[in-house]
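Have a look at these structures, which come just after this line.
Shared chain: subunit A. Partners: subunit B in the first complex, subunit C in the second.
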Partner chain A sequence: MIPLSEDPFYLIEKWLKAKEFLVIGKSIQRIDAFEKVTGKAKFMEDYVLPNMVYVKLVLSSEPHARIKAIDVGRALKIRGVVGVLTAKDIPGENQVGYALPDQPLLAEGKVRYAGEPIALVAAEEPEIAFEASLAIKIDYEPLPPLLDPLEAMKRTDVLVHDERGSNIAFTTRVRKGDVTEGFRVADVIVKNEYRTQHQEHAYLETEGALAIPEIGGRITIISCAQYPHLAQAITARVLGIPASRIRIVQPYIGGGFGGKDDMGPLVAAKAALAAYKIGRPALLIYSREESMKSHCKREASIIRYKSGATKEGKLTAIEVEIIMDTGAYANRGPFILWRATMHASGPYEVPNAKVDGYCVYTNKVYQGSFRGFGNPDVQFAAEAQMDELANKLGMDPVEFRLKNILRPGSLTITSQLLDHSVGIAEALEIVAQRASWKEKRALYSKMKGRFRRGIGVACAWHGISTSRGVPDWSNAFIKIEKDGSIHVFTGIVEIGQGSPTTSHVQIVSEVLGVPVNYINMYFGTSDAPDTGATHASRGTSIGAIGVLVAAAKLRERLNKLAAELLECRPEEVIVRNGKAFVKGREEKYIMWKDLIKEAYARGIEMSATGFFFLPKGTFDHEKGQGFAYPAYSYIVNIAEVEVDIETGIVRVLRMWPALASGRIINPLAVEGQIEGAIAQGMGLALMEKVEFDERGVVINANFTDYVVPTIMDMPKVEKPVYVEDLFKYGPFGAKGVGEMALIPTPAAIANAVTHAIGIRVTELPLTPEKVYFLIRKRKMKG
Partner chain B sequence: MIVSFKLNGELVEVDVPPNMTLLDVLRRKLGILSVKRGCERGECGACTVLINGDPVCSCLVLAPQAEGKEIITLEYLSKNGEIHPIQEAFIEAGAIQCGFCTPGFILTAYALLKRNPNPTIDEIKKALEGNLCRCTGYIKIIEAIQLAAKKLQRYSR
Partner chain C sequence: MAIFYLLPRFNYYKPKSLNEALKLLNDLENSKVLAGGTDLVLDMKIGRYKPENVIDISHLNELKYIKDDGKSIRIGAGTTLQTILESNIVRKKIPVLAEALEIMGSWQLRNVATIGGNLCNASPAADTAPPLMVLEAQLKLESIEGARYVPITKFFHGPRITELKRNELLTEIIIPYPPSNAGMKFLKLGRRAAHTLSIVAVATLITIKDDKFDIVRIALNSVAPTPLRAYKTEESLKDKPINLNVIEENVKRVAEEIKPISDVRASAEYRKEMSIVLTRDAILESLKMLNVKIGGEEF
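Up next is the complex of A and B:
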């Protein structure tokens, strides 16, 4: 039996109930801010070693071909070339697929997309490595490339993966109630096909890793991953050595957005392979072109959506088909598809649902994790459907949504009972009022002239943690040094979001009652206990539970000790600003440093881990019914746009976000997440698209041809509405924020554009060209 | 070839291949690591330096073109642990996330505020349109520059 003072459930609940806070809910400054404004913050490329070799990738020029031969002879003769590595040099397994075992680290026998890594060249200088990479000759036997997922689904004569027998990599399904009956009782039915496109992460820092051979046959990797323990595991598998010989250290990461969750381990393993074989530190940095051609992208999806509602405005049924182009490898595609499937209803109650998902191989760069993880596409479709249903019913879109929105006690699309933490209805009501929704909707409906305005709303939900019963946990290690300073070890990575540099610091500071400058964060490292990945908006939610639990255990021990010293009960001990005192009697105190000294003197352990294993339910895969996620975060975005109907140019003027994602630990950091996610979502909505030529080669692998939003494009983003619908296992009730504001942004903008031009948009991005032709089509129809 | 220029107020001389970019000269030869490699095509602004006061992408400048010029990098703005009001403003406004684009933004803002101590929002946007940020959505960066302008006016009074 674990004593209560060490029981994570007890400790989480105890701190969840706290009413007054020292630093939680305050906009404390990031602890990395000073380093970052002075240019001293170290990123991967800033680690420079005297004896290192520079590694360069050799990428496939062919979308689909057998590799007949690789001639490295000429490259090896170039002065300064240290080595060339191909699949046959891999000592362990050449297998790095996350969801399915279909992906090699370096192509073997066959290439499946243009841009696939085939070889690594190591040289004394980057210029030499580059020259040598051009000297490597690969003899290809071309195969017909499959580029269209709808075609690939049907074909079996051409297979992206011969051994799999089909180009359908993975399928998902939901079967709830009876959709035939649901549509029979519907008074209105809407049916549409929606399309979304590949989006590039465009993190300012490209992928890279520096692998350093160490004593004892160990390898340290300065890596840019979002999950150090996964980078460790993948590297160990590729090298065929125990994971404990690989140490992952992560400096500041120049943006991740999910891309480095998938790429980080693969790049670390490549650098490690070079270091392992050559015996010298090896630095691999992707050029921007290599990055854009070879790293995973947001999925392109085709969504066929039918939904019905009664004239009273209640949803009766949805029938959805989701086809995702996963490209050459499944990578995390099956998980992305799974998430899209289980969120296909939007945050609404629907009694009957049938959803089928297909993850389809093509000969294009593979699909991967990207902020929102399949959810922005499906919410785009679901929210367009909601507007179209409201339109047919003659109802206001907000009013119609409120009739169907999830509330405490609702059953989700997977028939999961939402017993707590469902604040979206309130968020929608408040934000609609703030945005003067009704007035603007009426006003803009009557607009004439060249510049037409529109206002659109979109809601979204996002399950937190891993799905179904897939294990998820948190952990951290905290030790209080003899001088009272505190050392926190977490695997959560600093990718810009600020989890380890703000919210984790705040949680430790709150729980231990010490100023933030007592706390030293050691983050993103395999030296910390496995904390899970920095993805799925979990850094400050699930990822921070470990920090809370470890700190709370230490606090329990210190309360007991302080109570003895101050002659009071443990629950009467207050610790604030580095001073422990008796509640209501501040003159009876002991300074933090003295308290710690006393703990050491009495043999009280001043280190703790914060392991917490998240309780989950069961899931029926046949029906797609059951426990999908431990809780959901919710968001509403309202977008106001102006469309130039002569040119088709869309400008987003204003956005109103409203968030129901539990406790807001640092409002300034949360605003930063919301604003950044809106920018990225606006890019997806209006301008960003990876373009392929007729062979499947990415043709816009630079920032001139692939356009991301600049400062000129940004709308005014209003202060967010927060509904703090606490999550019972979250640290202080936090659910997770990082991805949220991106998810409904394309949908809100698309609905606003539809409102402005009076014609449904169903395909992203809403480039001027696309919008212009839509408007023309309507004019021609009269 | 030998190239000499003023770097953050001090004369430097480096022996470099003539086709080396200023970005590589600064990073690889002179250990100036605040200058970030983002795209190497002049598209992202992460490698921005000031050349004779103007913000320039150092990845588009070849070493010989730096001859005799005055080059300023982010290292110039803070002395002995004291940071510049623009840097303070970036911290206070929450304009920093991953930090990779931050040096370029601060230097571009520094050049802007030297030229125009009281810029409008549109002037701020125009000055910074060549710097990409993928984290912040730019909003807090605009607020930081407005705050910095106020701070600088306060100091100069």
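Up next is the complex of A and C:
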């Protein structure tokens, strides 16, 4: 039996009930701010070493081909070349697929997309590695490339993965109620096909890793991964050595957005392979072009969506087909598809639902994790449907949404009962008011002339933690040093978002009652207990549970000790600003440093772990029914746009975000996430698209031809509305934030553009050209 | 630390004077001139050019100036875009050039890139070309044999091909004072609001006589192998009365004068349509500068 004072459930609940806060909810400055603005912060590339070899990738030029031979002879003869590594040099398993075992670290037998890594060249100088990479000759036997997922689904004569017998990598489904009956009772039905495109992560820092052989056969990897323990596991598998011999250390990371969740471990393993085989530190950094050609992209989706509602405005049924182009490998495609499938309804209650998802192989760069994880595409479709239904019913889009929106007590599309933490209805009502929704909607509907304004709304929900019964946990290790300073170890990564450098610090500071400058965060490392990944908006929501629990355990111990010293009850002990005192009697106190000294003297352990395993329910995969997520974060975005109908140029003028994601621990950090997510979502909505030629080669693998929004494109982002719908297992009730504002952004902009031009847009991105021809087509029809 | 491109090997020359540069240019086979390098260095890295010899003129102060000689503005070819953008002479006398520079690249790039480099690179999308074309700039091409002057409209022969002979260097851009009471405008349509290559850009210069169009000059980029003047459209507007119908009818001709291609930025069809829209808008904006307001709509 765990004593109550060490029980995570007890401790989480105890701190959830806190009413007054020292630092929680305050916009404290992030501890990495000064280093970053002064350029002193270290990134992977700053850790260069003497005696290092430079590793360069050799990528496939072919989209689909058998590798008949790899001739490395000429490359090896170049002076300064230290080694060339191919699949046959991998001592462990050449298998790195996350969802399915279908992906090699280095191509073996066959290449499945142009840009696939085939070999690594290591040399004394980067120039030599570069030169040698050009000297490697690969003899290909070309195979017909499959580029269109709809075609690939039907074909069995050409297979991207011969051994799988089909180009459909994975399927998902949801069956709730009876959709036939649902459509029978519907008064209005809307049916459309939606398309979204591949998006590039475009992080400032490309992929890279520096692997360093150490004593005892260990390898330390300075890496850029979103999950250090996964980088450790994958590297160990590839090298065929125990994971405990691999140590992942991560400096600051120059952006990830999911891309480095998938790529980080693969790149770490490549650098480690070179270091392991050559016996010297090995540095691998992707060029921008290599990165854009070879790293995973946001999926391109085709979504066929049919929905029905009664004339009173209640949804009766949805029928959805989701086809995702997963490219050459499944990677995390099946998980992305599951998320899209289980969020297909949008944050609404619908009694009857049928959803089918297909993850389809093609000979293109593979799909992967990207902020939103399958959800922005499906919310784009779902929210367009909501507007179209409202339109047919002659109802205001906000009013129609409120009739169907999830509330406490609702059953989701997977028939999961939402018993608490569902604040979206309130968020929608408040933000619609703030944006003067009704007035603007009416005013802009009557606009004439060249510059047409529109206002659009989109809601979204996003399950927190892994889906279904997939295990998820949090952990952290905290030790209080003898001088009272505090050392926090977490696997959560500082990737620009700031969770280990703001919210984690605030949580420890709040729970222990010490100033933030007592706390040193050691983050993003496999030296910490496995904390899970820094993805899925979980850095704080799940990642910081461990920090909370570990700190709370220490606080319980210290309260007991302080009570003894101050002659009061433990619950009467207050710790504030590094001083423990009796509630109401501040003159009875002991300084924090003395309290810690006393704890060491009395043999009270001043270190603790904060393991917490999330309770989950069961899920029926056949019907796609059951427990999907422990909680959902919710968001509403209202977008105001102006469309120049003579050029098709869309300007996003203003955005009103409203977030229901539990406790807001650091409002400033949350605003940063919201603004960044809106920029990225706007890129997806308006301009970003990875383009392929007729062979499946990426033709805009550079920032001349792949455009992302600039500061000049940004709308005014209004102060967010927060509805703090506390989540019972979240630290202080926090849910996730990082991905949230991106998810409904394309939908909100698309709905606003539709409002402005009076034509339903169903395909992204809304480039000036696309919008212009939509308008012209309409004009021609009269 | 990492190397992402292999800059081919070449001989690097850093002449002390313009004369020395011209001599080197004359004597060295297979050479390229390095000014700002914002195009050349990248092009060398991607293998578009493999010169044996590179002659660096970026430090030659003889080529960096903006002078007003009373009848024209003379800009040294080595002057950076940012210097030109910040010049009061340019802003006052030839604002259409400043407008183009303002949305070219980024501040960092404009501090390195030169006007001569932008012209000699001869990209179909060169943004300094349309304004200089409507301003009827003359280019001074120098070699050890002497100098000759070429109107900018005759300078571009094709993508990355110019009038320059092997041993010639563009040293000066001479912009005659625009006609008094000229309205001018530069408009660019790109894929985002800043730091972007144009899908199409248009410069116009207009004067009015007796309530009719007098001088009409229209130049465009990104819609043909080279930046170009739309002479037929200009001609058709001259002496016409100024009203929206006349403008809208006549600017349609622009589509016949251009030869756009489809690429990753836009389709040929869209470029054609936008050439018409932007030309019309630029004309209206030029007229606005002359306090002539027409058309029913506010911009």
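Throughout what follows, the second predicted complex is superposed on the first by the 782 of 782 C-alpha atoms of A that agree within 3 Å, B and C clash if a C-alpha of one lies under 4 Å from a C-alpha of the other, contacts with A are read in each partner's own complex, and residues count from 1 in each chain.
Here is the rule we use: a contact is a pair of C-beta atoms (placed from the backbone, for glycine too) under 8 Å apart; a residue touches a chain by one contact, two chains touch by 3 or more.
Quick caveat, the model's predicted, so the values are computed rather than measured.
In the superposed model, A:767 lies in contact with subunit C only, and not with subunit B.
Set against each other, subunit B and subunit C touch different numbers of residues in subunit A, with B touching more. Touch criterion met: A:498 reaches subunit B, while subunit C stays clear of it.
Residue contacts after overlaying the shared chain place A:51 against neither subunit B nor subunit C. In the superposed model, A:287 makes contact with both subunit B and subunit C. Within the superposed three-chain model, A:30 lies in touch with subunit B and out of touch with subunit C [touch as defined at top]. Shared-chain residue A:130: touches subunit C; no touch with subunit B. Of the two partner chains placed by the overlay, only subunit C lies in contact with A:700; subunit B stays clear of it. Of the two partner chains placed by the overlay, neither subunit B nor subunit C lies in contact with A:577. Legend: residue contacts after superposition of the two complexes on their common chain; A:672 is shown touching subunit B, with no touch to subunit C.
Put simply, subunit A uses residues 45, 48, 285, 287-288, 704, 708-712 to touch subunit B in one complex and subunit C in the other. Per the touch definition, subunit B reaches subunit A in the complex via residues 27, 31, 33-34, 36-41, 43-44, 46, 73-75, 77-78, 83, 87, 90-92, 94, 96-103, 106, 124-126, 128-142.
Contact residues on subunit A toward subunit B in their complex (touch as defined above): 27, 29-30, 32-43, 45-46, 48, 201-206, 252-255, 257, 285, 287-288, 495-498, 668-669, 671-672, 674-680, 702-704, 708-712, 714, 717.
By the touch criterion stated above, subunit C contacts subunit A in their complex at residues 1-6, 189, 191-197, 199, 264-267, 270, 273-274, 277-278, 297. Looking at the complex, you find that subunit A touches subunit C at residues 45, 48, 54, 126-127, 129-131, 134, 208, 283, 285, 287-290, 449-450, 646-647, 649, 687, 691, 699-700, 704-705, 707-713, 767-769, 772-773, 776.
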